[in-house]
Amino acid sequence: MTARVGVVTFPGTLDDRDTQRAVRVAGAEAVPLWHRDKDLKQVDAVVLPGGFSYGDYLRAGAISRFSPVMESVIAQAKDGLPVLGICNGFQVLTETHLLPGAMLRNESLHFVCREQKLRVENADTAWTTDYTAGQEISVPLKNIDGRYVADARTLDMLEAEGRVAFRYLDVNPNGSLRDIAGITNEAGNVVGLMPHPEHAVEPLIGTGRTDGLGFFTSILKKLVNA
Amino acid sequence: MTLDTVKHAAETPEAEQPWAELGLKQDEYARIREILDRRPTGAELAMYSVMWSEHCSYKSSKVHLKQFGEKVPENDAMLVGIGENAGVVDVGQGYAVTFKVESHNHPSYIEPYQGAATGVGGIVRDILAMGARPVAVVDPLRFGAADHPDTKRVLPGVVAGIGGYGNCLGLPNIGGEVVFDACYQGNPLVNAGCIGVMKHEDIHLAKASGAGNKVILYGARTGGDGIGGVSVLASETFDATKPTKRPAVQVGDPFQEKLLIECTLEVFKEQLVAGIQDLGGAGLSCATSELASAGSGGMRVELDTVPLRDSSLSPEEILMSESQERMCAIVEPDKVDRFLEICEKWDVIATVIGEVTDGTRLEIFWHGEQIVDVPPRSVAHEGPTYHRPYARPDWQDALQADDANQLARPTTPEELRAQILQVVASPNQASKAWITDQYDRFVQGNTVLAQPEDSGMVRIDEETNLGVALATDGNGRFAKLDPYAGAQLALAEAYRNVAATGAKPLAVSDCLNFGSPEDPAVMWQFAEATRGLADACQTLGTPVTGGNVSLYNQTGEVAIHPTPVVAVLGVIDDVNRRTPVAFAQEGQLIYLLGDTAEELGGSAWSQVVHEHLGGLPPKVDLERERLLAEILISASRDGMADAAHDLSDGGLIQALVESCLRGGNGARLVVPEGVDPFVFLFSESAGRAVVSVPRSEELRFTDMCGARGLPATRIGVVDGDAIDVQGQFSIALDELRTAHEATIPGLIG
Amino acid sequence: MARVVVDVMLKPEILDPQGQAVQRALPRLGFEGIADVRQGKRFELEVEGPADDAALARIREMAETFLANTVIEDFTVRVEAGS
Amino acid sequence: MARVVVDVMLKPEILDPQGQAVQRALPRLGFEGIADVRQGKRFELEVEGPADDAALARIREMAETFLANTVIEDFTVRVEAGS
């Protein structure tokens, strides 16, 4: 038995096919989900991939958040469905308030594309058990609205509860507060991050490293062992 | 205002018409009247004027471009040649690849962000219209002097526009060029290229056949964008005094284009399309007349069915509008419903605006009244042809006599070292990361190599690891010294760059950027460059599959350097065998391949150290280029070289600096006996590359070079954290890195 | 038809790099004496029918849930004078 | 200190993809009756000293040359009421 991981396509999503590939490389089954369908096809987990859904118009993620598929994702995430939001997917998750905070334009005001070093701070979420806490990984990062912000109380809470899941190392590429690259919800099933693990699952392609594969093997193990 | 119908035109032969304002010449207007046997209607005049503009009709250039077809080399790979939206080549395993480079120069000067953005949008639709999924873009750019205030306006806007549009489409940017030169001050060059991939059976052509088939316009609504833009912006030099009531600037909507791509690929997949054409310059005028002209019948269009953004547009304006993100498809009647359904799925507006007829005319109606009745070929394919006079300029001899080899050279190792740092830090030779880091190079998950590699490379089959590579090059300084040789050097460099990564060069696209064709000196440059490129393509066996011409790149009397930009596409059977530029392994041996002569004309050194342009460009030896490419490809395939970097502007030292910095390793070098260190490091002789060879492969590698007659000189070893030239100087990598990387952010950031 | 304007600005406590970039550039362009710049968004909505209390209430809700992200942004709604 | 507001909007004839995307989304969110949406920028400038004619003239020049791209955008300058 293998796990079925849904990958949502919104209009303007770009990394859906890459994410499906990453799911397959990890050994799970990738199930395409369409923004207009409420039906999640009984998947065991959902990834909201990167891209520019609705052109990032208004605010990144603001329009997608209201799609039919998100109604189901929001409802089931609250019941424990594992959900991973990558880049634009992370932006959608903050817009839905499944994750706290918000994303603003990069401090440099430019789009930035680079190989980014991260520290995995929380290796207990549904998507990070194949890493060890404190592990350093390098994956591609590419965004223009990637500056994570939240008020001080929220940030303190995230820190205190160990919910800062990933932190930028060496360079903070977008001015995110407290170098936050990704966070998790309290239950650990909903995780969002700006960098792109799905672009780092095959040697030779992209950065030539496979540091991102752990996200997809983590969820597979969790689901298969469940 | 009364509608100028065909009937009305026939009845009012003497009515005054604004043909001159629309950019037509008197004899052209007379010819239109002759073709129609009456005066044209306003709508017809609009169509002819825009389709007969330089930009759309290639009227000054086509007598020269003909050579690309006449001198086409034997090449089994060519599936679709010049004349379609883009050429198509066979890359094996049933795959076909289409690619093309286009210019969006004038619009990008007026409005850098939108001009560049819509340039990307336009070339992507060209590729899409061939039936292919776009998989990567490249962007060869030229700006004015790096420290000129206007460059600070134009460059960031252009880069943000290319990134803003391409990133949002999900197309990895895998290469390009950034060149600064005062000659481009008022005429920056924004060229954009795109690669698309399809299976052989999916190739689509722009033609409308089959009476009764429907004409479907889909994508964005039509607004007043760029009306007159084609003729005003692309075909004449600017006339700032002319008032425009409609925006001459098109605004791009990359989100709409992304939907258009996905929607189009889906209708292709379900085989719902009999013919297709993108809407670019000249909008509907171009799409309808070209589709009808290439097809077998006529076409009838109800123009009032076109969805509008601005309801005040006149029929003439609708025909000329250059609103972006639109496509036009020919669809069999029983497939229309499914076609519209797929458009709805992707939130794309689609409208049946007409049908293919069994007649011979393109007929356009406005609320039931006929406003266009023309033979489509006369609009689309039988425009005027000029044999413009050309003459070698009288200054050419003096320019060539001003020999760069006579310039003062460094006299001490310290001076040589200082000049190396100066060249490596100069805007043209410095790292372009500040620019290229604003482009997504990872999206689609198939990028094997991207900037700053010698060529971009993407995997096109995940099972077999088949890949394609693309490099673009052009050196306006060389072309100014000798346009014939300059064009060949551009080709040679791109060809070499592709081979350096291990891919086999297959085919060529080009973007020819020149000044005014009405200047005989410019026309001579153009004639020489096209002749040079066509000859070289024939020798190298790489056909020109398509391209673009941009003329009138000049301010007043002063033209830009002749700037032929050449893109070479290559194929590699297994991307695992690709060769990067980085010296990643300490201890490997560095070999210089090829011969170094004393060739400093047009060189980076002469520009940076002496602000000099004169003499002759490096000699072209195409047989040598071919041999070098074969060696580089074999070395990659058989694992004999772990790194390779072609030598071009900046010479050997530039290549070494780049390979060392990329790999994070230094190099210890020895100048071969009897060679002048300065010439060794700075000469820009063509047909050369450096490679790093594992010690275990040395013998096999040198045997191969020896057996095939390619000079291979062992010049050093990858080692340490400095570039150390024995008996000369040493420069720490840190110092080189700072020099190389700080320049562009310092000037522009 | 009435025109309603929704202005959306970052909350004062949120760093506004766009505004700052503008402000930093001003002296270089020869404009002195601007102590602070904030950059936000302006939406112009054409409302079918009158911009009465009911319509404005609906637009306020739209701003609250959609046009602004109230985690980081404040907004104001007003009927454009003269419309 | 006075606050001066510069509103920058795309010219009416220029395509506004953002405004269009917002407008298209509204019915799905249950907001009917909005015929058109245009999205622009709002700059709030804190001026040292009074917002007198001279200051406004300078700001107008700043808007013309810098804050707005007059190839595609229009702008208005006004002193914020109450400041």
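In this document, chain identifiers A, B, C and D correspond to the written order of the chains, with residue numbering beginning at 1 in each.
Here, a contact is a pair of C-beta atoms (placed from the backbone, for glycine too) under 8 Å apart; a residue touches a chain by one contact, two chains touch by 3 or more.
In UniProt terms the chains read A = Phosphoribosylformylglycinamidine synthase subunit PurQ; B = Phosphoribosylformylglycinamidine synthase subunit PurL; C, D = Phosphoribosylformylglycinamidine synthase subunit PurS.
Source: prediction; values computed, not measured.
Looking at which of A-D and A-C shares more C-beta pairs in contact, the answer is the pair A-C. Rounded to a whole number, the gap between the C-alpha centres of chain C and chain D is 8 angstrom.
Here the CA centre of chain A is 34 Å from the CA centre of chain D. Per-chain CA centroids place chain A at a distance of 30 Å from chain C. Chain C has its Cα centroid 41 Å from the Cα centroid of chain B. Residues of chain D in contact with two or more other chains: 17, 21-22, 25, 29, 39.
Residue positions of chain B touching 2 or more other chains, listed in rising order: 253, 255-256, 347.
Counting partner chains per residue, chain A shows two or more touched chains at residues 54-55, 57-58, 66.
Chain contacts here follow an irregular pattern that is not a line, a ring, a star or a complete set.
Contacts from chain C toward chain D in the complex involve residues 1, 7-9, 19, 22, 25-26, 29, 31, 33-49, 55, 58, 62, 65-67. Taken in their complex, chain D has these residues touching chain A: 17-18, 21-22, 25, 28-29, 39. Those residues of chain A whose C-beta lies close enough to touch chain C in the complex are 58-59, 62, 66, 94-95, 97, 100-102, 104-109, 147, 149-151, 175. By the touch rule above, chain C contacts chain A in their complex via residues 10, 13-15, 17-18, 21, 66-67, 69, 71-72. Contact residues on chain A toward chain B in their complex (touch as defined above): 11-12, 14-15, 17-18, 21-22, 51-52, 54-57, 110-114, 140, 142, 144, 196, 198-199, 202, 204-207.
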